[in-house]
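Structures are listed in the sections that come next.
Both of the next two complexes hold subunit A, though its partner changes from subunit B to subunit C.
Presenting the complex of A and B:
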């Protein structure tokens, strides 16, 4: 892997994180918000593997990425269960319906 | 060149997952993104994590999304105002440009004498406590989901009996 490939993958990482953040900022559906979070985590995973490759310590990069996959899956499962509860209770997936503050 | 092609494909699938209106299609585009990211990981020299990402990220998580969308039903996603979208996009591009300017040059320099250990040694000896914590985390997550989904009918019937929530 040469320098240009590293730059390319780092740009993909930044793109995935950026698309995830953009989704978190503008989305009005809880499930879309979870999808945005997943996209961000994909970028972070790729960054860890790239860091392991560049530093020559691939084992450490992979083990840290494995931890992130486990935590991210649990977060996604709990968040989806909460979205199901919100839909049953409020009848919508719009997170604005959850607020009790006056707008 | 291959890295760039796969990366562009992953970014395209990610954009499709965001702009698609149907939630089910979004979940499928997310699975494609995950598969392409796993392929990129494999090419980078991480076959173990690529397989795990493919099976968990593209398999298990997609099944969970489809299950959740099946329970909640498809709902029209409400779009934010265009001004807010433009503002979010501007802030985001500025942050990404700044991050790229900061991060790109210094991080791609390989160290002279890397400390290489196999994955199994790092995972089972160096990070044993983390493995135990992950196992407990999985258990806690499963119990949380069971608790969240089981108590729903009781609350619904209670709300029907007393819709105002008065004692």
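Presenting the complex of A and C:
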């Protein structure tokens, strides 16, 4: 792998994580927040693969990435289920409705 | 190694009991009483079972990964002694509570916190890791807060609890910084290792640590200038005052100073500062006790004053004397508090002006209270006399400043005066109309009071064995008895019990003993003859006024408490609950860490 390739992948990682964080900060819908989280996790996943490549532990990086995919899917499913519950209970997907933890 | 697990018992049994009492629930108060008593007595037995290991080291090490240090426990004379005090007096306080708390609601909360406290206190003294010591230190502060504010529908109790929490927390900061500094410079939280080589830490940092620990100890032990939280803590149920605010938790500060004495001994100005803190507390609190009318507040001031004696003793170089007085004090002060609890329980008031003439109607309480009071005043044969003499002997030798020890001797006179005043106001004089049918202590109360009364008469006999176990098990402490005594006890083949006898004889031979006794008698006489001295006392009106107003320290403490509370209210604005703000804060924190790391790389 070329040095430039590494830098490109790193930039993609930073871009994905940055977009994810930005989404988390500005969006006012739980669905969009979950999407932002997914983007961030994908960036982190890529970073693991890259780190494995650089340190020469290809297998370790990739197996960690696979673990993350599994965990992340579960997180997404549970979060979406919670979003549905929130919508039914509060009538909105705006996270600001949850600040006091009561209706 | 199998024995190492024994060390977990004095911590684990009360904690299990805490869970059990809580789970039983408030619907079944009888079962709660029974369970609390059973578990506390088991804890007491576990504490006593450690005594054989007070001279040989028993250790337990549970690895917890890198950051939080291993969970280390070890025994030596000092830690075993304090564990025994915590668990045994703890179980007596719980037995006393069966009568005292009869019919109160939320017993589960009460017993759970008392048992949790007993376990935490054992952990505090048994651990040899500074970080874990801090954790247990804060756990005891939490229990103390929760129990002071036990009657949480009473605003005074809640305020007292919060004040105690904030003041002791302030001290906890000193301990935490000390622990972190120690880790930064030596890479471990291990206390014995630090005591062995205190110079592994640079001198400036060592002196910062020394004074930080002094603040921690002063805040925990209610010493000058933090002494005002302890009288306010008297809103707690009386067995709690006896256990936490007289016999155990407030001694943690003295324990801390004594434990770290070898490391800080050489820090310039430290010993002097410790002596001054102890002297001021002993003297000012004795004055305040002399003018207070609330029975429990008198006892609280007297606790501050006696803790001042112990702190002074550590500063003067008498680690053994301070610990010996700690032992005597925790026995006779627990006795006094519990007996006072019996009086308060019978009358329903704490104001001594409403008492008087209780001698005939409460004969048993009268006898044990007087016994404790005599020990507090320092009357011979009772344990308070011997230990106080030891402290003053240490103060007179070792090239310690004379003016400080003179004030300490004056404080013993004041102690005698306020003790006589207290006993006279409660048990003698003309009775108050309403109290003719005041009932004496109940069975459970008597069960708790009798061992303490017996202890008040006899614990001084342990002087020799206690000294021997400390001497054998604390390699870094220089336990110096006075040179004359070294000669008396230094001969080979002197058994431990013989040593008690010889040191006792030496105390009786010292001229200073009679000086102190004279001051004590003068103090008693001053109270009895106060009518004659009226004109002289009138000149001290100003002092009396100042003492009733806590010499203005109340205001300082109040400012600290208010500042903390206001800061808390102000910081509440940052807890918006909005996701966007939290993410922003995370990013900000990440940036700070990144910049610090990069600076660290560059440096």
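Criterion: the second predicted complex is superposed on the first by the 100 of 103 C-alpha atoms of A that agree within 3 Å, B and C clash if a C-alpha of one lies under 4 Å from a C-alpha of the other, contacts with A are read in each partner's own complex, and residues count from 1 in each chain.
Convention: a contact is a pair of C-beta atoms (placed from the backbone, for glycine too) under 8 Å apart; a residue touches a chain by one contact, two chains touch by 3 or more.
A quick note: this is a predicted structure, and the numbers were derived from the prediction, not measured.
Asks: Evaluate whether subunit B and subunit C can sit on subunit A together after superposition, giving fit or clash.
Replies: fit
Asks: Who does A:46 touch here: subunit B (first), subunit C (second), both, or neither?
Replies: Once the two structures are laid over each other on A, A:46 reaches subunit B alone.
Asks: Counting residues of subunit A in contact, which comes out ahead: subunit B or subunit C?
Replies: B
Asks: Quick one: classify A:70 as touching subunit B (first), subunit C (second), both or neither.
Replies: first
Asks: One more residue to check, A:59. First (subunit B), second (subunit C), both or neither?
Replies: A:59: touches subunit B, not subunit C.
Asks: After lining up the shared chain so the two structures overlap, which partner does A:21 touch, if you call subunit B first and subunit C second: first, second, both or neither?
Replies: In the superposition, A:21 touches subunit B and subunit C alike.
Asks: Is A:83 touching the first partner subunit B, the second partner subunit C, both, or neither of them?
Replies: Touch status of A:83: first partner only.
Asks: Once the structures are superposed on A, label A:100 by its partner contacts, choosing first (subunit B), second (subunit C), both or neither.
Replies: After superposing on A, A:100 lies in contact with subunit C but is clear of subunit B.
Asks: Determine the nearest approach in Å between the Cα atoms of subunit B and those of subunit C after overlaying the two structures.
Replies: 6
Asks: Residues on subunit A in contact with subunit B in one complex and with subunit C in the other?
Replies: 21, 25-26
Asks: So in the complex, the part of subunit A that touches subunit B is made up of which residues?
Replies: Per the stated touch rule, the residues are 1, 3, 5-12, 14-23, 25-29, 31-32, 34-36, 38-39, 42, 45-46, 49-63, 65-67, 69-71, 73-74, 76-78, 80-85, 87-89, 92-94.
Asks: Going by the contact rule at the top, pick out the subunit A residues touching subunit C in the complex.
Replies: Residues in contact with subunit C: 21, 24-26, 33, 95-96, 98-101.
Asks: So in the complex, which bits of subunit C are touching subunit A?
Replies: 576-580, 583-584, 587
Asks: For the complex, which residues does subunit B have touching subunit A?
Replies: Interface residues on subunit B, with respect to subunit A: 3-4, 7-8, 10-11, 14-15, 17-18, 23, 26-27, 30, 33-34, 37, 40-41, 44-46, 48-49, 52-53, 56-57, 60-61, 64-65, 67-69, 71-73, 75, 77-80, 84-85, 88-89, 91-93, 95-96, 99-100, 103-104, 107-111, 114-123, 126-127, 130, 134, 137-138, 140-141, 144-145, 148-149, 152, 155-156, 159.
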